[in-house]
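Chains: A, B, C, D and E, in written order; residue numbering restarts at 1 for each.
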Amino acid sequence: DENKLEELREQGFARVAIANEPPFTAVGADGKVSGAAPDVAREIFKRLGVPEIVASISEYGAMIPGLQAGRHDAITAGLFMKPERCAAVAYSQPILCDAEAFALKKGNPLKLKSYKDIADNPDAKIGAPGGGTEEKLALEAGVPRDRVIVVPDGQSGLKMLQDGRIDVYSLPVLSIHDLVSKANDPNIEVVAPVEGAPVYCDGAAFRKGDEALRDAFDVELAKMKESGEFAKIIEPYGFSAKAAMSTTREKLCAAK
Amino acid sequence: MPEPIIRIDNIVKRYGPLTVLDGLSMEVMPGEKLALIGPSGSGKTTILRILMTLETISDGFIQVDGEQLYHVKKNGQLVPADERHLHKMREKIGMVFQHFNLFPHKCVLDNVTLAPILTKGMPRAAAEKRAMELLDMVGLADKAKSMPAQLSGGQKQRVAIARALALSPKIMLFDEVTSALDPELVEEVLNVMRKLAAETDMTMLLVTHEMGFAHDFADRVLFFDRGKIVEEGKPEDIFRHPKQERTQTFLRKIIAAGHRV
Amino acid sequence: MIDWSGYIGLILEGAWVTVQLTLMGSALAVVVAFAAGLGRLSRFMAVRALATTYIEFFRGTSIFVQLFWAYFVLPFAGITLTPLQAGVLALGLNVGAYGAEVVRGAVKAIGREQREACIALNLSRYQAMRHIILPQALPLMLPTFGNNAIELLKGTAVVSLISLTDMTFQAQVVRAQTGNTLIPFATILVLYFVMAWLISLGMRWLERRVSRGLDGLRV
Amino acid sequence: MEWDWEFVRQIMPTLIEGLQITILATILGAAVAAVIGLVFAILRMTAPAPIARATSFAVEFIRGTPLLVQLYFIFYVLPDIGIRLPALLAGVIGLGIHYGTYAAEVYRAGIENVPRGQWEAAKATNLTARQTWMHVILPQAIPPMIPALANYLIAMFKETPLLSAITVLELMNQAKSIANSNYRYIEPMTLVGVFFLIMSLISVFFLRWLEERYARVDER
Amino acid sequence: MPEPIIRIDNIVKRYGPLTVLDGLSMEVMPGEKLALIGPSGSGKTTILRILMTLETISDGFIQVDGEQLYHVKKNGQLVPADERHLHKMREKIGMVFQHFNLFPHKCVLDNVTLAPILTKGMPRAAAEKRAMELLDMVGLADKAKSMPAQLSGGQKQRVAIARALALSPKIMLFDEVTSALDPELVEEVLNVMRKLAAETDMTMLLVTHEMGFAHDFADRVLFFDRGKIVEEGKPEDIFRHPKQERTQTFLRKIIAAGHRV
């Protein structure tokens, strides 16, 4: 609705949905929300006159329904732009770009390099966040439902991989690196990027109908990209500002 | 000649296929003491429960103190009474049960004062004063603060009598008030009842198997059998010279079982 | 080195949310338990039907479904609840439905004789319920209410699935941040147990209070 | 957002797949609970005091803590000590142990409700302990337990959605997965509710029947 | 002179601080019919339960049919008996309870055959044949297929007697076998007992408050009071000329309560 921004200003904060998947989004020991996506959003909302963001952690699958149900004002969680999602929500211009990666047992015993490889090996089980891009990619590549294990969060995924419950755990490259480095487990290795999987970018997602807010957000985002402040926020997390600036929402939403 | 205070006119009471009262009619004069006797299942309890509005009637009319009990006039027609009317009529009637039915979570005094305070809006102080008089009358003034569980059966029943009296009903109904008591406790309750009969002009209906007490207590005895009044009359006549075969048989059995008549 | 003190703090914050949920959920449950339990004993057909529908519906569908419904579907009917509100609502209504049967059973257990004594003393239905039936029924309800409260406490863990930052949710967060599974989960298991234990202590104390003077025969 | 019957038709087969897993988990869980409950009950009633007390504490502990957390524990912590269970098995064991504590109470009450005179009559007719249990006590104790046990079976059925948290693809998880990939919660969640409601209405009648069938034997 | 079949030697039974049997000694001859009478709480039930090994003893010795009941010899010393020994000893003893304690889930016939089949390994056919004889003896052959719940109290007690007899014990214990019965059913059970006393040479111990029956049934009467045998003797002597003050008081009370002596 047209006055959304006014409402948010009055209320003094915006409610955003995040995951808990460093480096996209993270929660500190003190409960403080950080990560590249919320940091960017926080800065832009501040410039728009909304001093605070209030984040709630959510499963990927629950984010869009939650947005539609009015539970959040925006999603800032590394939710990659894809045509169906573009149809369901109003995305801002690209913010964080990343390719997909696999974490798997040392030496890649099943020789998995692409989602297709998983589909072709009847013994291979993949773990992925529910409702995330990776789950879709795996299903689209032809992995049957019962070999795509929906994993509630990154830590569980890694644990299941270590315990041998799954053979490969798929997340964006930076997330996998963050996870694996934290685990510090010599028996885990990373395949990145996954062959044949496109590079994706996320944007802040708004409800359909809140395009005015989205547009205002885009204006500030463009200014920050221009001034280099954008790069200053996301590059310490490992993201590339150039990747985000070299593509557009229109391209990503149209991509097959 | 005064009007009867209770006029029961051809009432029928059925439980499903079972007809318990079958066209029963009777009248009770103000101040009269009535004993209802008869074999088990003959409908004695039922008629008391109907007067107390604990049951409904299937057919017939009952007039209490000049008003219909189960009916009200509406546009010149008698229609079944609503809860409001029943509530008003119950003010005239009190009942004492075989199993006392005291409120176990309230002390003796509260058992007696509860209804006057709630239903008549009596101030607590006045209600307690009157309750203490009544408890004194039944010989239990010193138990006012006891809980029912601490009383013997005879004491409980005397409290129950005081509780019913506290509402000053015009009519009192007693349903086998001593038959749940140990034999040695019966007398203390009967004594209270005797005093009551002698000192007040309340109308009383008493169901009992204590023929001796019925004899002393009642102005008139009704003998019930299978939902009908088979015989009625002065106690001397009924107990000494019963006319009906069924009355004779009943009294013979009772005497054989060791009850004094 | 992991900053455990900070993470324990996080779990304690979650514990506070769990406590709030339990208290508010129980409060709601008690209210609806009495409303629905007495509703089922009403002399009005419509009230009885309503109460029965509520009870069967909330006992019949799972708490999870109710929770997801309150959180994701209700907003489309124009009712947007915070996660805490949705949690309290779902838990309260769910446990309340079980409590309603307890209330009904206890009220019915107070025999016909007590009701008849009330009629003979000309108490109104409300007065009889308020002064005679409920005070006697309450001690009968309390033990089962205690169990229900513990069921509700355990039910609060489920709200973590709708992103309410209760104790279980915070344990998940800590686990994600630290990579350690045992410590956060063992901690919250103990905390839950302590809470359940406090509930049963409290209920036993309450029981003793309300049933004072009622010991002995009920005749 | 509007209700979409076409979408309902489309997702029905997937949901029914989930329902099958739900029912399977319930049945297996019930079997585990029945056995574990018996073990708990016997330990509590007949084991030496320290073991009986330890069992009591374990039962209290399991009953006082959420099944969800216990499931996480079984699924994510046990592998650290080398016990790695498949998701469904972990779920069944979690359900079984949790509800076993309830079943234990039912067993205990059922056995204690057999009048003392029956034990004495068995002794007076010189039956051995085993014969007493098999021919006198259990045949009397079990029928009255059945409604209570069935009650817990139904409760357990309604708690199976918890298994979605440990990646079992039961009804709730299928529904969530559908919701996740279609961004629609109304239909899948409502349908799950309807499934549960139907099952539980059926079970209400089933329970009434059980209660009548196994009404108490009225002799001591 | 034959050996006593039961020799109770200075036994003590305590429940916590309460001493119920206080150094009790007695002997029973084979085939003797004993009646144990005395006020409530005097320990009559307790001594029967001890003989049936439903209780343990705190001190003393009991010899049954030439063997120690609660003790076994081990390396020349008497040590407490194990379950195996008790099991063997119980073969000699049967008991009939005040509340029958039939197995409610088994039909009458199965109640009677269960123990012979299980404990003696009797073939089912033989067990059923013998059971039918016993049921015939107690007058219930036609009820063989009934469930206990379908029987009256008197019938239940007669089944219980048949059940105990089915194991052919040498000693039968009867604990107030008629006191849970409606008065009109007492006689049918007593008739069975009379027949039993007349026709078998079993040793029988009977606790009863039916003084008339005790008089007819017993060879010897023991009067218990506070865990001791206060007086014993032939029925005529005990009932007509009791020597002890306490026996006299007890009998006076019993007569006042309407029991025939």
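Note that in this section a contact is a pair of C-beta atoms (placed from the backbone, for glycine too) under 8 Å apart; a residue touches a chain by one contact, two chains touch by 3 or more.
Because the structure is a prediction, the values reported are computed rather than measured.
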*Which chains end up grouped together through touches if chain A is skipped?*
one piece
*Specify the chain most distant from chain D by Cα centroid.*
B
*asked:* Rounded to a whole Å, what is the gap between the Cα centroids of chain A and chain E?
replied: 85
*Would you mind pulling out the distance in Å between where the CA atoms of chain D average out and where those of chain E do?*
47
*chain B and chain C, separation of their C-alpha mean positions in angstrom*: 46
*Mind pulling the chain B residues that touch 2 or more other chains?*
none
_Quick check on chain D: which residues sit in contact with 2+ other chains?_
1, 76, 165, 179, 185
*If you look at chain A, which of its residues touch at least two other chains?*
59, 62, 65, 69, 152, 159
*Every pair of chains that touch: which are they?*
A-C, A-D, B-C, C-D, D-E
*asked:* List the residues on chain A that touch chain C in their complex, please.
replied: 20, 26-31, 56-59, 62, 65-66, 69-71, 152-155, 158-159, 182-183
*Name, in rising order, each residue of chain D that touches chain A in their complex.*
1, 76, 79, 84, 86-87, 165, 167, 169, 173, 176-177, 179-181, 183-185
*asked:* So in the complex, the part of chain C that touches chain A is made up of which residues?
replied: 3, 6-7, 9-10, 13, 71-73, 75-76, 80, 83, 162-163, 165, 169, 172-173, 175-177, 179, 181
*Complex contacts: residues of chain D adjacent to chain E*: 115, 117-118, 120-121, 123-129, 131, 135-136, 139-140, 217-220
*Which bits of chain B are touching chain C when the two form their complex?*
52-54, 83, 87, 90-91, 93-95, 97, 99-105, 107, 114-115, 118-119, 147-150, 153, 156, 163-164, 167
